[in-house]
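After the structure tokens below, expect a handful of questions from me.
We call the chains A, B, C and D, going by the order they appear; numbering starts again at 1 in every chain.
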Amino acid sequence: MTDKIRVALVGATGVAGQQFLAALPDHPLFQVVKLAASERSAGKRYLDALRDPGGALRWWCREPLPAEYAGMVLADAACMSTEGIDLVFTAVESDAARALEPRFAQHVPVVSTASAYRYDPDVPVFLPAVNMDHTRLIDTQRRRRGWKGYITPGPNCTTTGLAITLKPILDRFGLEKVMMTSLQSCSGAGRSPGVIGLDIIDNIIPYIPKEEEKVEQETRKILGSIVQHGADVAVVPLSLSVSCTCTRVPVIEGHTEAVYCATSRPAPIAEVKQAMEEFGAELRRLNLPSMPAQLIYVHDDPFRPQPRLDRDCGKGMTTVVGRLRPETTLGTHGVKYVLVSHNTKMGAATGAILIAEYLTQTGYVR
Amino acid sequence: MTDKIRVALVGATGVAGQQFLAALPDHPLFQVVKLAASERSAGKRYLDALRDPGGALRWWCREPLPAEYAGMVLADAACMSTEGIDLVFTAVESDAARALEPRFAQHVPVVSTASAYRYDPDVPVFLPAVNMDHTRLIDTQRRRRGWKGYITPGPNCTTTGLAITLKPILDRFGLEKVMMTSLQSCSGAGRSPGVIGLDIIDNIIPYIPKEEEKVEQETRKILGSIVQHGADVAVVPLSLSVSCTCTRVPVIEGHTEAVYCATSRPAPIAEVKQAMEEFGAELRRLNLPSMPAQLIYVHDDPFRPQPRLDRDCGKGMTTVVGRLRPETTLGTHGVKYVLVSHNTKMGAATGAILIAEYLTQTGYVR
Amino acid sequence: MTDKIRVALVGATGVAGQQFLAALPDHPLFQVVKLAASERSAGKRYLDALRDPGGALRWWCREPLPAEYAGMVLADAACMSTEGIDLVFTAVESDAARALEPRFAQHVPVVSTASAYRYDPDVPVFLPAVNMDHTRLIDTQRRRRGWKGYITPGPNCTTTGLAITLKPILDRFGLEKVMMTSLQSCSGAGRSPGVIGLDIIDNIIPYIPKEEEKVEQETRKILGSIVQHGADVAVVPLSLSVSCTCTRVPVIEGHTEAVYCATSRPAPIAEVKQAMEEFGAELRRLNLPSMPAQLIYVHDDPFRPQPRLDRDCGKGMTTVVGRLRPETTLGTHGVKYVLVSHNTKMGAATGAILIAEYLTQTGYVR
Amino acid sequence: MTDKIRVALVGATGVAGQQFLAALPDHPLFQVVKLAASERSAGKRYLDALRDPGGALRWWCREPLPAEYAGMVLADAACMSTEGIDLVFTAVESDAARALEPRFAQHVPVVSTASAYRYDPDVPVFLPAVNMDHTRLIDTQRRRRGWKGYITPGPNCTTTGLAITLKPILDRFGLEKVMMTSLQSCSGAGRSPGVIGLDIIDNIIPYIPKEEEKVEQETRKILGSIVQHGADVAVVPLSLSVSCTCTRVPVIEGHTEAVYCATSRPAPIAEVKQAMEEFGAELRRLNLPSMPAQLIYVHDDPFRPQPRLDRDCGKGMTTVVGRLRPETTLGTHGVKYVLVSHNTKMGAATGAILIAEYLTQTGYVR
């Protein structure tokens, strides 16, 4: 036990924080030694902090609340020390992340689900198997900021499924343009208050503030290349035209996205399918605990993927694709498809854990 | 126009407040001359106060926002004067009502949707056609409190449908016991934050804090009798055993209730149906503007009532009953049935307006 | 009354058929004199035919079932005569329409909601205000087929909102390419069995068989031009590249569509908005009873349109647009937007009635 | 493998049939050797029979379709032989069960989810831990009917949760009266067509034909006692007054029930809770593979049970209770509570498997 990486989870009570805790019991590499939350919850036992004023236990995961965390007393994130901690996971809102993460990163690596630092030039936005070479940014970040640790946020939950399915297309056929309409689940909006029932039952909300800009910008960065600038490296974003419409639908979990791609070269459906299904083979060789058998699964059944049926594929770590067919309106060549991605697992907590596993195996943690 | 009752609406931005405004344009008796809200909204135009931080217009009613109210500037409820006002409607939370309503009631009548004063012995809880003789409590209340006006709250939205359907049974067959399980809609929980989508989609929440106690206590009071105590009168609650379970379901509007009654005398189904359908005939003779053609409509189709199909019956003022059948487990005689009642119309705003119309016609306003 | 157009409705019991009946009482031009249905329902009173085996009344419209139709006895569509009929509305499945419609069209005009003849070269697919000049096809159709009447199907319910919003863009800025992702409501799938709750609650179904092909083909035909070929005329479909993904969502009524257009010329947002809001002015001058005040309404609120809030705009006849913004990924110039269209009103029954009103006013009926 | 009980599953394609197959792979006692369905599906591979005409795979379980069954060719239930079969599970509609089950029962035991024979006096309706002594009816049934096998249907899915929670109350405090309002999920209505989305989204359906009668009658039979009549035994139904209202709600799986009991003796909440949580201890000693750790789990959190959060408790075999509180309206003493029971697992397929395991262990199979 003492050999495991000692982990602190900051933002433990939110939807994403809970997904971390649902995934971390008995983890072979990580041991949760500290939970932190906002001042309002600090000092309470985790179980008590989850109760709302009426007494309801606000635990959303399908997995039961692990007994080992229920009694842990929450630290106040604002003054949490990193003493005795090897790695910090943060699952807080962007404003809180902006204030907290640099303080932790002075001492230890911070793997984050927040957007605060995603767009800084020396901050990598890792997506498993897509851009592990961006680790080289870490050294630049450390040097520039004089930190012992560093910050690595994961992508927005809507970017995750898009970028992971675009990467094998980019590698094999080249990518010119991407259009995407998302049908996003309610869990993505969190709990305070998130999307209220009165708004979403029998309804669609056609706008999620800032979401489209995030998806467009992050996709280009994630798919970008590392270039050397003197002692430092930088990411050159992929030159890719991306256009999105992001909507909210009455679905609990699992983001659905209708994607249209124009490719540089002809992209026969069978080859695209093969490229997607083989994607991630190299990363799989590292035997990371949270790595699913397939990063992308492709359905032939035209009625799939469906969020309720497919979100839990690969324990929520596999992006499920269907309706793969030629797309010739957007460009000369291309494909269109529908994907489902679990927004609070691969798109948030478990995705961050998988990145942390990679960073641990490759020597970037402790 | 100058002849109309000059009305102030306090709590204009909430779900119930909006329903008042949806119902009041072109009202033959009332003219809205002032809108008030909490300090946060005071000073804003009504339309602007309805926008959330992201810019979304939080208007929930099916009817469009009446143009005549959109530009009105909101007063601060905490320091609103009743000068130039004949009548105040309040649609605020209980705590706010407790502080605000007595201040208004010193000068003018206050017809309220809040629970703050419902259980005070000198405060009537009017339900149309059920207990209009409780107006006699108004004189007692005024005398005791030294007010020029008075407070008359309407019942809880879940009590409304129950008590209105019990009254014709009570009058004709006597009532011994009542059991009720409610399936309540999300609009009843309001908007801050109300019930969140993450909790209610594909789900039932089996508990609504304080709701069952309210229903049990209010039902007895509403169905109670007026007795003289010296110069004053008081309500003697009906001696009736009531047991409830209140649940929340994924329905936008319209509370559904499964009701079981033990009656004092045999209650043949056909006679119960007739008693329900005739109920309110006397009140109907006053030609109050918000009075529906029937206060209770009884379906023979066993698949009715359904909230989505029946909540708007009589513009949301008719309680719709179905599945009327004998009940002999609860007592020797009785009936059981299912009802649907529009919780933010008859059960809140328009119900309060109908009461105000009655009070106006009978000389209790101005 | 005797002056009104005598109408038969074929397929009266389905979802679209019911919407016809909800709209036709007191219609100034049309009098329903006959209702027809399949052999299974023939001979029953309309009210009885709506009951399922368990006794439930299968009437879906928000408007109550008009009393004047409840007692009408259903004719058998397969052997219905057009004697005493001036006009037939059909609201049946495609296969039934293929067999029935030519038989009626030998004698009288048939305004249809079915797809059976939409793709025949001499059959116009009318969309109000978009292509009323396609009436010239009617003469060609009559001459070629030797019919006294003719067949005019309306578009697929998903095409309706798309084509009506594209037309003002096409006219003012030219159209190069269109991409569209739909989020379609359950009512579009009808009742036998339509979409079952078990499949659609907390879920998205990413495929609706044949829908995408219909939308792509119909959009080009509806926006096409009439050319003379000797004595006949024909429609030359618009040369427009269209790509769609059609999905089903847990919404009762109202199709939502995310649309992306590449235009031939720069399309400033303010001008596109103006073009949309002015669209249909010419048709409005005819004072057709079912014509809404605006065929297209454009919201500035980015959170609109929402199907639950906007589907009933203009009694379900107004297409509501929002999120209008520049689109430069698809082409050099362009716009993207979200629309909501009522799929069983403007997209089916009431849309067909509006067309029939136009044909009546312009001398194509009786 | 040859030692396992050889099982045929009749009605393999329906919702309940699928739940059998989701539960049976790697079962330590049972080996599925034959799948049967109606004539329409007979001769097809199981996987193909699950596809609807549009090609969609109609597999509803959260668990993936087990590969070992996908390729099995379906027998025609109407002429299926029991040769080589030790036990038949049936998951068909009542009419089909009426015709099929006696034919199989001539040769082998039939454990059924259908209602056809539930009300026959010599047919036990087993509910795990509640009435295992009713096995004595099996000998009577065999003798009377001259069968080698026998028929044992499980209860209606709504009866299951009710009767299993009533039993510990009955045993410890006596039971006088029971009232129950159910909020039933859509999966209980099956797939052909079940409840359609158009009817159930944003809605409640207050009637499920025949359901209330089944619950009332079955509860008395299941809780009844075995008495000797000469060579035979019979069940004397419990003398218990039961009154129900059964409704359908927009929930995918898991029936919620609000239960009110009048007990013969005072029933302190703490003792009722203890009685429920200890219930089934004796049966647990048999170590049956499908037996959960607890048959009943009692929540203190008043916001539980919720169907989405609690239906999968104990792999869908644990009935989850909450809101346990005194009930004094129905009778002198008593309790009221809310329960959630997984209607297609414990309430159908896995419940039947658990019964079959018991019958196997106690020598009633092979």
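Heads up, the rule we're going with is that a residue touches a chain if its C-beta (ideal position, glycine included) is under 8 Å from a C-beta of that chain, and two chains touch if they have at least 3 such contacts.
Small disclaimer: the values here were computed from a predicted structure and weren't measured.
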Co-neighbours of chain D and chain C - touch as defined: A, B
Longest centre-to-centre distance from chain C, chain (CA-based): D
Centroid distance [mean C-alpha coordinates] between chain B and chain A, Å: 47
CA centroid of chain A to CA centroid of chain D, Å: 41
Chain B-chain D separation of Cα centroids, rounded to whole Å: 42
Residue numbers of chain D (touch at least two other chains): 54-56, 201-202, 207, 209, 250-252, 302-304, 308-309
Residue ranges of chain A in contact with chain C within the complex: 177-179, 181, 183, 202-207, 209, 241-243, 245, 247, 249-252, 256, 258, 260, 302-309, 322-323, 327-330, 336, 338
Chain B partner contacts - residues on chain A that touch it in the complex: 15, 54-56, 60, 186-187, 189, 191-202, 207, 209, 250-252
Residues of chain B touching chain C in the complex: 54-57, 62, 201-202, 252, 301-304, 308-309, 312
